[in-house]
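In the two assemblies presented below, chain A is common to both, partnered first by chain B and then by chain C.
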Partner chain A sequence: MSVLKVDHLCVDYRSRAGHIRLVDDISFDIQPNKTLAIVGESGCGKSMTALAMMRLLPDGATITKGVITLEGDSLTDLPEAQMRDIRGASMSMIFQEPMTSLNPVFSVGEQIAEVLRLHTDLDKQQIREKVQALIRSVGISDAGQRSSAYPHELSGGMRQRIMIAMALACSPKVLIADEPTTALDVTVQAQIFSLLRDLQARTSTAIVLITHDMGVVAEMADDIIVMYAGRLAERGSVETVLSRPAHPYTRGLIDCVPHLQLGSNISHKSVTEIPGVVPALETIGAGCPFASRCGLSEERCEAAMPELSEVRPSHQVACWNYQET
Partner chain B sequence: MGLIWLIGKRLLYAVALITAVLVLNFSLLHLAPGDPADVIAGEMGGATAELLAEIRALYGLDKPFLVQLGLYLQRAYQGDLGMSFYYNLPVVDLILQRLPATMLLVFTALSFATVGGTVLGVLAARKPGGFTSSMVTLLSLVGYAAPIFWTGLMLIILFGVVIPIFPISGLYNVAKMATGLSRAVDIAHHLVLPSFTLGVVYLALYSRLTRASMLEVMQADYVRTARAKGARERTVYLRHALRNAILPVVTMAGLQFGSLISGAVLVETVFNWPGLGTLVFESVIARDYPTVLGVLFFSATLVIAANLVTDLVYRMIDPRIRLQD
Partner chain C sequence: MIDQALLTVQDLEVEFASKGALGRNKHVVKAVNGVSFSINKGDTFGIVGESGSGKTTTALAIMRLVKATKGKVSLGDMVLTDLHGEALRRARRQFQMVFQDPFSSLNPRLRARDVVAEPLAMLDRSNKDNARELEEVFAQVGLRPEQMDLFPHQFSGGQRQRIALARALVTRPELIVCDEPVSALDVAIQAQILNLLKRIQRDLDVTYLFISHDLGVVQYICDWIAVMYLGQIVEVAPRASLFSYPLHPYTLSLLSAVPSASPGTKAWKAITLKGEPPSLINLPTGCIFADRCPVMQPECQKSPPALQELSDGRRVACHFVEEKEGTVQNTLTGGLEMINVLT
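Up next, the complex of A and B:
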């Protein structure tokens, strides 16, 4: 039974210059206690998908099609007041930039306490205790002292831990983590991921993990969706998609990570990058958006967008020439 | 510890600065053409050579410049600013008599400008390009461009002549001989036009500053975090954003305290407000050097005190400053 379902989600951005589709027909669902990775290069619409789930899209961007359901209830047409009760409680989100995501003028304890005040009936004393417990639960020692610290007094890793404590304060059903470690150095990244895994084991929270690092996907996720220019390229279990990628774009992403080239010696095979860049969304025509960079591209690719087709049970790909491996 | 140290350091700076102000003012006045002894003698009804010599000896005007300066500084630090030639009263007494009226005017104008400016700026930032926003921009342009004396004169014409609802001169109505509450009301009534005239330029400035600052802060990551917690839009706006957006206004208000005091000189003269401004104006005309010097000394002290207070306020609202220095 899935906790969160996203069905044919479209997000459009309207400006004076015109109208572009940032997220085009994305569907996926997540089970409790599982992690879904959303992967793709910069600008592929990963954050927009996440923000659409929280209904926190920036000005000008709106959900134009599709339904998002949390435990069977549709979020897409929920009144804003009820959506507020869900944000931070049943569904919470942590962001890419721990350095700027906390408010500089409030102590971190106060910022965690705010979530509890918003969504629970705990009294002052209980909130204080709960805040300290949360700070301890994300692996920070001397919680009492740390809770009165201000964000600028903490390192990036510490701040991201505080963000996680804040996000988990009300035991959400779904935690969305939008590139939670991009701004952190490698050892801290590993710590944050192991923290997320531990917390998930304890709370059964479903995690949506946004990343463009296939190594992280292999380590963290159960399922994966690969996005390209706002569209779904490939979808399936991590095991299948990483070992038998069907979409040329997915293969390209995997080839960017040296140690994932199973069976080959890194020193013998050089790391390959996908040539070219993600096209500007307003220039995408009717065909496959990856065509300009794809080695297998042919005439029909330019003419029409390939439908999502089943490679094998629970493994789908949108490519005319996908290869079964 | 840090705070005491800071205040101590600032006080030391202050003494040095005030000494410099005194030396500079004293020297400038000394260089100015015109002999105070002539003026005093003129007041007494005639100038014989003996009388002039007597006056010079009495006020120490016959001593060499440096000796005069030294004596002046020494006395000033003991709280003795000399005798006024013109009013024939100790300068300190004169200043203390006039100080409350000026303080009342300056602080009313300052509160009006900061509170009013912040409120207008916040309203304008709610919908950039909306009606309120355009009105605030217009008002702030007009308010900022109009010179103080022009605003003052226009208000006198408007509310003194065309629609006479506010008194246009003095601190209170002498004829009323009011006491207690009705006197306070009377003073408040007299205060309206002068404080508006003095404050409106700053009101204009602070409303634009707050508007710009709010618009910037609303884009900050921590504002998105606050929304992701499930906070109401009003909380996001007034608690998370405003607290950060107010910082530049505090800095500005502190820095501009000096120009506010010089503005008060003009306003007091226009509205015949019995404060330090009219005092300095009268004493310049009368070449009453001790009084001029005394008022300058006092305003310099006020400005320095205001800067110290600003620093402390800033520390209270911005935790990032607390640890430095």
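Up next, the complex of A and C:
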């Protein structure tokens, strides 16, 4: 039973210059206690998909097609007031830069308490206790003292822990994490991930993890969707997609990064570049948006967008000539 | 390795004084504390470490962009730390720098051509003689001649980093200091710049000092690697030895914290370090890593270990590294097999 279902989601951006499609026909669902990774370069629509799920799209961007359902209830046409009850309660989100997403003029304890005041009936004393319990649960010692600290008094890792405590305050069904560790050191990243895994094991929260790091995907996620220029390029289980990527873009994303190799038999193969950059969305024609950067591209790729087709059970790819690997 | 060294850094120290309110509570922070290493001509020397470990300050001190409180930096026969004024300005053509963020390191009001020509102008060269050199350097970094007249905002991040690299290359320096040159770029673009850096090194025999926090990138591009922690080097080793056989517990923890993209191929399990590096203001009296060390022993808190040199030129600052009959091991973490047992 999936907790969150995204069905044929389209997000359009309208401006005086015309309108462009930021997210084009994306579908996926996510089960409790599972982690779904959304992968792609910047400008591929990962964050827009996440913001659409939270109904926090920036001005000008709107959901034009598709349905998002949380435990069977549609979120797409929910009035803003009801959506506000859901955000921070059944669905919450953590962002990349914890410094800019915390309010600098309130203590971190106060900011966690705000979530509880909005979504629960706890009294003052109960809230104070709950805030300290939450701060302890994300691995911060001396919770009493830390809750009165302001964001600038804390390190990056500590701030991200506070963001997580805040996001988990009401035990959400779904946690969306948009590049939660990109701004942090690897040692702190490892701490944050082990924290997220522990919390998930305790609360069965479904996690949507947005990242560009295939190492993070392998470490954290069960399923993966790869997005390119707003469209779904490939999806499947992490194990299958990482070991047998079918889409040339997925393969490119795996091969373009010098992955750390440990031990004595290190292969010295060079990293393969994906030539060029993600095309501007307004220039995309009828064909596959990746065609201009793809080594396998041929005439039909320029002519029409390939449908999502099954490579093997629960592994799908949108490519005319994917290679069976 | 000393005889053919291009850059030699000896006992470098950089101190910053921080003042409290009304000038009270003054204290001195040693951002770089006794760092020594040398880089052979044509090599790439990497410095890795967490934020606040002093990587960038070391680079800036070598570039003479922050003042070194102590120590000596020499490039070939030149002692950079002794140069001043006009002599320093003239020497700068020999050592150039590429910064992390190509969105803030290029002047938005200058065309690409002028950004790249600026270092030449500083060397009192008239613009007329530059045209051919500029075209050459643009070609070397993979930009087309017609792009010379565009402004930085008309380029993508990767292209901007190419311009920054062209600016560093145009004076034909012997040393280029790259401070996190790819970490602000999109994943797919990083490979383009890394391969470009490699190609340029092969063609022009330039030497790199490469600062990064990304261990995969460092492994890909560096010949020797120094691991810094709290302003000090804790381990320096050639690439192959460092990644197959880390001797310092901090190196081990750092390497094991990197998530691996191919499940099940990791050589050892992640050691999750607790907490964060302590403040530079109150450094521990013993080993600087003792507080977080997964295998800390009582004596580690009493005396700081010396950075001992092993027979292959590798250096490690840990009390428990032993070299006997041609084999070297850390008696606490042992070899790889033992590490698996340990975690």
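We take it that the second predicted complex is superposed on the first by the 314 of 325 C-alpha atoms of A that agree within 3 Å, B and C clash if a C-alpha of one lies under 4 Å from a C-alpha of the other, contacts with A are read in each partner's own complex, and residues count from 1 in each chain.
Throughout what follows, a contact is a pair of C-beta atoms (placed from the backbone, for glycine too) under 8 Å apart; a residue touches a chain by one contact, two chains touch by 3 or more.
Just so it is clear, the structure is predicted and the values come from calculations on it, not from any experiment.
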{"item": "First, second, both or neither for A:L242, with chain B first and chain C second", "value": "second"}
{"item": "First (chain B), second (chain C), both or neither touched by A:D29", "value": "neither"}
{"item": "Chain B versus chain C as contact partner of A:L118, first or second or both or neither", "value": "first"}
{"item": "Contacts of A:L102 with chain B and chain C, given as first, second, both or neither", "value": "first"}
{"item": "Touching partner for A:A190 - first (chain B), second (chain C), both, neither", "value": "second"}
{"item": "In the superposition, chain B vs chain C on chain A residues touched", "value": "C"}
{"item": "Residue ranges of chain C touching chain A (in the complex, touch as defined)", "value": "50-51, 156, 158, 186-192, 194-195, 198, 213, 215-217, 219-221, 240, 243-245, 253-263, 266-268, 270, 272-274, 276, 336"}
{"item": "In the complex, chain B residues that touch chain A", "value": "220-222, 224-232, 240, 243-244, 317-320, 323"}
{"item": "Chain A to chain B touching residues, read off their complex", "value": "54, 56, 84-89, 92-93, 95, 97, 100-107, 114-115, 118-119, 150, 152-153, 163, 166"}
{"item": "For the chain A and chain C complex, residues of the former touching the latter", "value": "41-42, 155-158, 185-191, 193-194, 212-220, 238-239, 242-243, 252-254, 256-264, 266, 270-275, 277"}
